[in-house]
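Next come two complexes built around subunit A: one with subunit B, the other with subunit C.
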Partner chain A sequence: MLGNSVLTALTRAALFIGLALTGTALAQQPLKIGFGMSLTGPLAGNGKAALIAMQIWAEDVNAKGGLLGRKVELVYYDDQTNPSTVPGLYSKLLDVDKVDLVVSGYGTAVIAPAMPLMMQRNMAFMTLFGLNVNSKFKYDRYFQIMPAGPDPAVDWTRGYFEAAMALNPKPSTVALVGADAEYPHLALEGARAHVKRLGLKVVYDKTYPPNTVDYSPIVRAIQATNPDLVYLASYPPDSAGMVRAANEVGLKTRMFGGGLVGPQFAALKTQLGPLLNGVINYEAYAPDINRKFPFLDQFLAKYQGRAVKEGVDPLGFYLPPYAYAMMQVLEQAIKATGGLDQAKLADYMHTYEFDTFVGKVRFAKNGEWSVPRMLTVQYHGIGGNDLEQWMKPGHVTVLYPSEYKTGSVKAPYHENKK
Partner chain B sequence: MEISTALLLNAIIAGLLLGGFYAAMSVGISISFGMLDVVNIAHPGFIILGSYIAYIVNDRFGFDPIVVSLTVSPLFFLLGAALYRVYYYSFERRGQESLRGLAFFFGILFITEVALVLTFGVDYRMVSTRYGDVTWRAGEVGFPMRLVVPFLVSMVMVIGVQLFLTHTFFGRAVLAVAQDPLALRLMGVNPVRVKELAFALSIATAGVAGAFLIVIQPVQPAIGREFIGLVFAVCVLGGMGSIWGTLLGAFVLGLAESFTSTYFGPSWAPAVSFGLLLATLAFRPSGLLGR
Partner chain C sequence: MNNKIFAVVAFTVAIALAAVTQLVPNEYFFSAAYTVLLFVILATAWNILGGYTGYVNFGSAAFFAIGAYTTVFFYNAFKAPLAVGIVAGTLVAGLAGLGLGYLTLRLRGVFFAIASLALSVVLYIFIVNWDYVGGARGAYVLQPRDVPFGLPRYIHLIYAVQLVMAAFALVVARAIEKSTLGRGLAAIRDDELAAECSGVPTLKLKIFSTMVSCALMGMAGTTFPYYLSYIEPSSAFSLSYAVNSIAMPLIGGMMSWMGPLIGAVLLGSVQQLVQVTVSSAWNLLIVGVLLVLFVTLAPNGIMGWVDVWRRRRER
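Take a look at the complex of A and B:
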């Protein structure tokens, strides 16, 4: 009898100690967040800047004790800006590295190939600057941190065409051109929707291979059609190539630009310098409206010094704050739901507003920002290749949306060169 | 689309300028692959290395990138000679050059790329030159100096290589080793030494072509991969081992790209270029000027 009691007590004690040890071990295991990021290849400059922002977030969270009592660990691989690497990379993250959560790498081209796997595994998928990726997938656990708005394809290009239709006399013809890649295709799709809505005549609608060396034949072909507007959707190398070619050819049109990836970052801003005068583009921030983005200063204070040391975008106005904000959304959802249940996380993210370094964020039903906030701007008065001028007001006029507007389009485009 | 004279002339000029640049990129492949039978798939990696050296000196001291590349070309020559030695002793001498040699050069390409990423980061780099943003105009025809200057230097380099190969003893030895290394050995010449120096010359041209590239467009460490197909296509189209053929092949592809972009849509340019390559090989398997 006594022996049985002792045995029972010992068993209970062992069980208790075992459970306690298991609990402690679990608490000591880091909370792993996995993703692919473009650390080499054409978008590596942007990818590395985003990675630094995410690392700063992880350090901040760990300094406060981590999440759910566990240290946060970022597990990431280089996707080489190559969409074909993405499915395998996320399979490895989920099956081999056993990450608890996943987020996306930077850009449409690497988000889209991750989607089927995310849907198969029912993961809540927080993504970074993908344009209209969920329009085809319609995945209810997809979320996107770029402020493109609930109808991204159309909202993305709305600012360009709203500014164009404010011209007097109104434009009647448009040339549409972009790279043969995921993002430019989606942006051009949106542009075509506006062209149809506004009754503009398309005189040129073509794409080019991303590895084109000389863009001047393309610009000359566009010039031969004499369009009132030229809408361009491009990635960094071709943004530089098209802007240079437009200057060399002496492109005569009323508005040029719209969807150039690249001039948001210090590298292309300083390298192209005065060649950007007159170009219309999108930006997430402009020094002229600094007062309306007070939250950004908190992030830049953490980011800029480190970015200079690591040789990536020293401005950090565009992508890095949103990469940090993406992780803040995840952090707040985990804290609020008290766990890692993917359904609960997704449900919370759909329901509540988030307070982040890029301001208040609320998601629409399709996972996009409920209200668009991307700025349509025009560059002007750029006098040299120094970076300082881009940090001061006076060179980036905000044309759209109206609540941030600081001026109107200066047209025609070529007159801005004088 | 209306075919105006100005548009036509501009398409021709743009095609020729582009072809001149392609010739500079490919002349080294014409030597290593066309003459020496060394499948140097890392050639674009050395072009990018040349771009970065031109960039560093231009950024720090303001020197012209093309002048810098010509100045440091002896270093590329030495690098090429050393690389061939490694390749020869590790693969060629053992008769393992086909697949393992290819893997070796792939490795060199990736090592170059990663070394550049670790040293300079992943941002695009550009150089500033006095002529970079200047366009000389003759009526409605434009001559962007960003392309004209590399074109002129490229012509001097490619024609110089051709004259060197046909008018010097060493050059003729290179041509001989391309045809029959055994016969060369029987005549008392060491074909390995000849191949080493010829390979070194090919790498030296890559360094100079790298400066052209960064004058023409921004460069990042991985951009070399995009030119692998192009440099081999130019070499094969022109005729293996023919420098004049390489020049002709480069002009054909440059003009094809320019005309397609101007009149039919730029997305067709690669298809038209490689279609031309296939059609040429169907009727002339040895290339335009190949024997």
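Take a look at the complex of A and C:
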């Protein structure tokens, strides 16, 4: 009798110790978050900036004791900005590195190839600046951090046309121009939808090859149609080319710009300097409205120091805060659900609002922001090519959305040059 | 070994390797193997024109993209299955090769190489402006939810298909090499004028080898949209396909069907390994360093080395 009870007690003790040891071992195992990121190739500059932001997030979380009692470890590979590397990298992350969660790299081209694998494995997939990727996949565990809104194609260009229709007298003609590439085509598609809705007359609607060298003939052709508005959707090299050409030719129109990729980053801001005066564009953040982003300064202070050392965008206004916010969303969902169950994480992310460095984030059914929040701005009063001026308020007027508005459009465009 | 026996052996090996899908749980293996097999097909295809005939084609990426975009076209138009894309893509790329042959094969040496590169640029612009296949925005090709033949995942199917296609490409390349046709091509490579004077129908043979080479390159591209689910012109026309399809036969050896196979397996595997261990940035450097080493130390590639070693042993 006594022997039996001693045996039972010993068994229980062994079981307890075993469980405790397993628990300890689990607690010591890092929580691995995997992703591919463009560290070489055409988008390497942005990819590296996003990586710095994600590393800062991991350090911040680990300084507070990690997640679920485990240290966070980022496991990442260079996708070379090459979509064909993505399926292999993500299957390695999931099957070989055994990561607990995955997030995406930067941009549509590297998000889409990861989608089939995410759908097969039922992973909650938080993504970074993809344009309308889920419109084809319709995956209910897809989430996207760029504030493009639930209908990205249309919402992306809404600010420009809302600002235009506030002009007095109202504009009646528009020229649409952009590069032959993925993003400009999507932006122009949205612009056409607004033009149709607002009853504007299209006097020019053409695209140009992305490797165009001389943009003056394009600007002259646009000028020949004498449009009230010129909407431009472009990638950095042609953004610079078109802005330079508009200045050289002396483009006369009431509003110019709208969808230029490039002036969000320090490199193009300092390169173009005063040539940007009068240009309308989109931005994710401007120092003029920093009181609306009360915690962002903490992040930017950490980011800017490192970015200078690593030779990437020293401002960090555009992509890095959203890369950090993407990880904050994941962090808050993990804490709230108390685990890594992908279904619970996705349900939580669909249901609740998240408090992040870029403001409050709520996701629509298709995983995009439920309300668009990209800022439409106009650059003005830029006196030289130094970076310092961009760090302070006074050179960017926010035109849209209304809750962030700091002023109205200064039209016509060419008057801003004086 | 005659061609029929070789074909039986090649397809048996391919099917045996495809059976691995039931044994290896790790999907990464299949993704990496898919990429290596893609290069096996591309390198083998390039070698039929570049190695056997001596005409350097810089337009591999264009024919690869023709195969890929034919799949996209049939997917968009009819929701056609992968098999239709493979057959159609191979045929369309073969026809494009025929066109390239007629238009450019009177050019020789560097002029042909430049013409093939120009064709790649023209096709790129054509695809960028063709909205039906996605144009500059790119196109989505969704993998079917039900995978045939009881395979667990779609990547297993694509891997198995790619194996069979690689075996097919090797069988075709070997059959050409060992035939009268192959000897005619070798004569063109060594001295085209002498070959013509000796009664070799040089233009006909060149056009035929261009057509077969381009058809196989197109075949390599047909599975690509299903592998990625999203395809856009800059990735389909990537220069890396053109560079690798030249570098791999050069390293493996351009005189026989085995050279591109060895070069593609070696270089492709090293690239896959380096990508997840050292750094992706090293990939191109490795290709460059290996190319320089082989061009200077072993101009006939690994197979050339093996031949020299064999001859020494026989003595």
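FYI, the second predicted complex is superposed on the first by the 389 of 418 C-alpha atoms of A that agree within 3 Å, B and C clash if a C-alpha of one lies under 4 Å from a C-alpha of the other, contacts with A are read in each partner's own complex, and residues count from 1 in each chain.
Here, contacts are C-beta pairs under 8 Å (C-beta built on N, C-alpha and C of every residue); 3 or more make two chains touch, one makes a residue touch a chain.
Because the structure is a prediction, the values reported are computed rather than measured.
Superposition of the two structures on subunit A leads subunit B and subunit C into a clash.
Within the superposed three-chain model, A:385 lies in touch with subunit B and out of touch with subunit C [touch as defined at top]. With both structures placed on the common chain, the touch criterion links A:206 to subunit B but leaves subunit C unconnected. Applying the stated contact rule after C-alpha superposition, one finds that A:55 touches neither subunit B nor subunit C. Residue contacts after overlaying the shared chain place A:217 against subunit B, while subunit C stays out of touching range. Of the two partner chains placed by the overlay, only subunit B lies in contact with A:237; subunit C stays clear of it. In the superposition on chain A, A:290 contacts neither subunit B nor subunit C. Shared-chain residue A:39: touches subunit B and subunit C both. Once the two complexes are laid over each other on the shared chain, residue contacts for A:249 go to subunit B alone; subunit C is not touched.
Using the contact criterion defined above for the overlaid structures, shared-chain residue A:89 touches subunit C, although it does not reach subunit B. Of 37-45, 271-279 or 289-297, the segment of subunit C whose C-alpha atoms clash with subunit B in the superposed model is 289-297. Judged by the document's definition of touching, subunit A residues 39-40, 80, 180, 207, 209 lie at the interface with subunit B and also at the interface with subunit C. On subunit A, the positions that touch subunit C within their shared complex are 39-40, 77-80, 82-89, 91-92, 94-96, 108-109, 112-113, 115-117, 120, 136-137, 179-182, 184-186, 207, 209. Taken together, the subunit C residues at the contact with subunit A in this complex read 25-28, 30-32, 34-35, 125, 128-129, 135-138, 140, 142-143, 153-155, 224, 227-232, 234-235, 238, 240, 272, 275-276, 279-281, 283.
Of all the residues in subunit A, the ones that touch subunit B in their complex are 39-42, 44-45, 47-48, 80-81, 180, 206-209, 211-214, 216-218, 220-221, 224-225, 236-237, 240-241, 244, 247-250, 262, 265, 267-268, 271, 275, 310-313, 385.
Residues of subunit B touching subunit A in their complex: 1-2, 4, 7, 10-11, 14-15, 17-18, 21, 113-114, 117, 120-126, 128, 133, 135, 142, 144, 146-147, 216-218, 220-223, 226-227, 257-259, 261-263, 265-267, 269-270.
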